[in-house]
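Everything on this sheet refers to the single structure shown next.
Each chain gets a letter, A, B, C and D, in the order it is written, and its residues are counted from 1.
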Amino acid sequence: MLPVPVYATMAFAYQRTIHFADTDAAGVAFFANVPAICHEAYEEALSAAGIDLGAFFRDNGVVIPISKCEAEYLRPLQCGDKVGVSLRPKALSENSFEITFEVTRLGPPPKSAALVKTVHVCIDSKTRRRREIPGAIAAWMRTS
Amino acid sequence: MLPVPVYATMAFAYQRTIHFADTDAAGVAFFANVPAICHEAYEEALSAAGIDLGAFFRDNGVVIPISKCEAEYLRPLQCGDKVGVSLRPKALSENSFEITFEVTRLGPPPKSAALVKTVHVCIDSKTRRRREIPGAIAAWMRTS
Amino acid sequence: MLPVPVYATMAFAYQRTIHFADTDAAGVAFFANVPAICHEAYEEALSAAGIDLGAFFRDNGVVIPISKCEAEYLRPLQCGDKVGVSLRPKALSENSFEITFEVTRLGPPPKSAALVKTVHVCIDSKTRRRREIPGAIAAWMRTS
Amino acid sequence: MLPVPVYATMAFAYQRTIHFADTDAAGVAFFANVPAICHEAYEEALSAAGIDLGAFFRDNGVVIPISKCEAEYLRPLQCGDKVGVSLRPKALSENSFEITFEVTRLGPPPKSAALVKTVHVCIDSKTRRRREIPGAIAAWMRTS
């Protein structure tokens, strides 16, 4: 029996092509652009859950900045490569959560190209004090 | 009779969402990111025509750098906005061509957000002398 | 007598190195990053004139978005190249101005690498109606 | 006696201003741009050690891609903020090394804004097999 690929078991898949602007003079996606591509998948997932991105990412008193990011690069990505990004959010506390991403170079055969994790902390943008995660985000996490 | 929107009459439409990374502290897409989004549409058009992007944009002896770019910004684009990019290539000489792009903020109703033009010159990457546009690109221009 | 290089006669010179992140898989600075580098020079010029960039580029009721941008690429720029950017602002009307930039690849000998022009329009960010250029910007233009 | 700031004890300091293009619609530097700024400091450090960046970052048979990146964000960075980046390389094996970066928002008083770590693995770009770190890089690590 073939193993179920990790890619197929994850909650959300965002697909896009590696653009020329993502690459650097070594001919592959610049390392810092890979977490940025994962953030696009996060945005798409929020949008698919009915969250208004324009309002969400603007400073409206509550902001949810990224406090940590870890990336592991497994395979180079070249201009024209098709990638899928899967993600899984997990609450860490009343005011923080993490998202685990897998970037897969779509095949055939698909191959894992990067693993990324981001930690997000919900704060009041004026006082910079932690505050509760907004209900819409909490709901998105429960259903993802 | 309603006029046919320019958007609907153009040859190729690439769609994508304005990402958080495209925006700046004024809350809208940074001006230089709009021509970059148009370049993505160019890449998608080449790819749809069967051209291997990885090989095309690498330096393989023949490169087709952009020699000019003009952009006119008509409306701000915010994170989460859906845009469509239409493009039309036109040969200028045996070794140069221009591409006209229209970036439309998809509605309803759709509204033109930016007009961009790029001029491309085909050169030998070693000598930097002009040379003939490769056949696959010339064919793409004829059918677009 | 040697001619005075254009570079030496312009009003403001910002210097920086072409970073790896500026480049693409063709091995040179991605075309859209060149106007972005010019914008850095604009920011440095405003800052040198005592203008608070944080406040200026945030939306404070008055915004001065770029309405047009033109770029002409004369020479490729590679990772590690040192460039100087000169700029000259010019009022176009009570509520708009243009800035002419020259990007020089510092030598020896220095060589012009790109010419960029941006047009800026001052508007009320709520109504999107044109309004007068703020005094600090007008003063900067007179002395540049 | 005042404590010596961490910033002052580190090996190399690269300074630059947070640009408008670094920011996003939340008004602060986009998270993925902070590791990119650290990479600029790495490039400057290599360049200061006499290493030709153009040749180093091009694919010349030996490439040293980043295999891991970790970032911790301590304070938001706004357009116009001056930052200093200190770095310290450390060999991990014959063919890998890590670099620890600290991004400091220059004051007064200076405040630590981000901690970043990158792991680099030296490989043959054709076979993708690990190989020895080039002598010039090994020498740079010993003296940094």
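By our rule, a contact is a pair of C-beta atoms (placed from the backbone, for glycine too) under 8 Å apart; a residue touches a chain by one contact, two chains touch by 3 or more.
Being a predicted model, the structure only gives us computed values, none of them experimental.
Colleague: Consider the two chain pairs B-C and B-D; indicate the one with the greater count of contacting C-beta pairs.
Modeller: Between B-D and B-C, the larger count of C-beta pairs in contact belongs to B-C.
Colleague: With touch defined as above, tell me whether subunit A and subunit B contact each other through largely the same residue numbers, more than half shared, or through different ones.
Modeller: Over half shared, hence same.
Colleague: Between subunit B and subunit D, what is the separation of their C-alpha centroids in Å?
Modeller: Result: the chain centres lie 33 Å from each other.
Colleague: Could you work out how far the Cα centre of subunit A sits from that of subunit B, in whole Å?
Modeller: 27
Colleague: What is the distance in Å between the mean C-alpha positions of subunit B and subunit C?
Modeller: Each chain's C-alpha centroid was found; their separation is 23 Å.
Colleague: Which positions in subunit A touch two or more other chains at once?
Modeller: Correct list: 20-21, 23-28, 30, 32, 36, 39, 57-58, 78-79.
Colleague: Quick one: which bits of subunit C touch subunit D in the complex? Just the residue numbers, please.
Modeller: Residues of subunit C touching subunit D: 16-17, 19-21, 23, 27, 36, 39-40, 43-44, 47, 52-54, 57-58, 78-81.
Colleague: Mind pulling up the subunit A residues that touch subunit D in the complex?
Modeller: Interface residues on subunit A, with respect to subunit D: 24-28, 30-33, 35-36, 39, 57-59, 63, 65-73, 76, 118.
Colleague: Which of the residues in subunit A end up touching subunit C in this complex?
Modeller: 20-21, 23-28, 30, 32, 78-79
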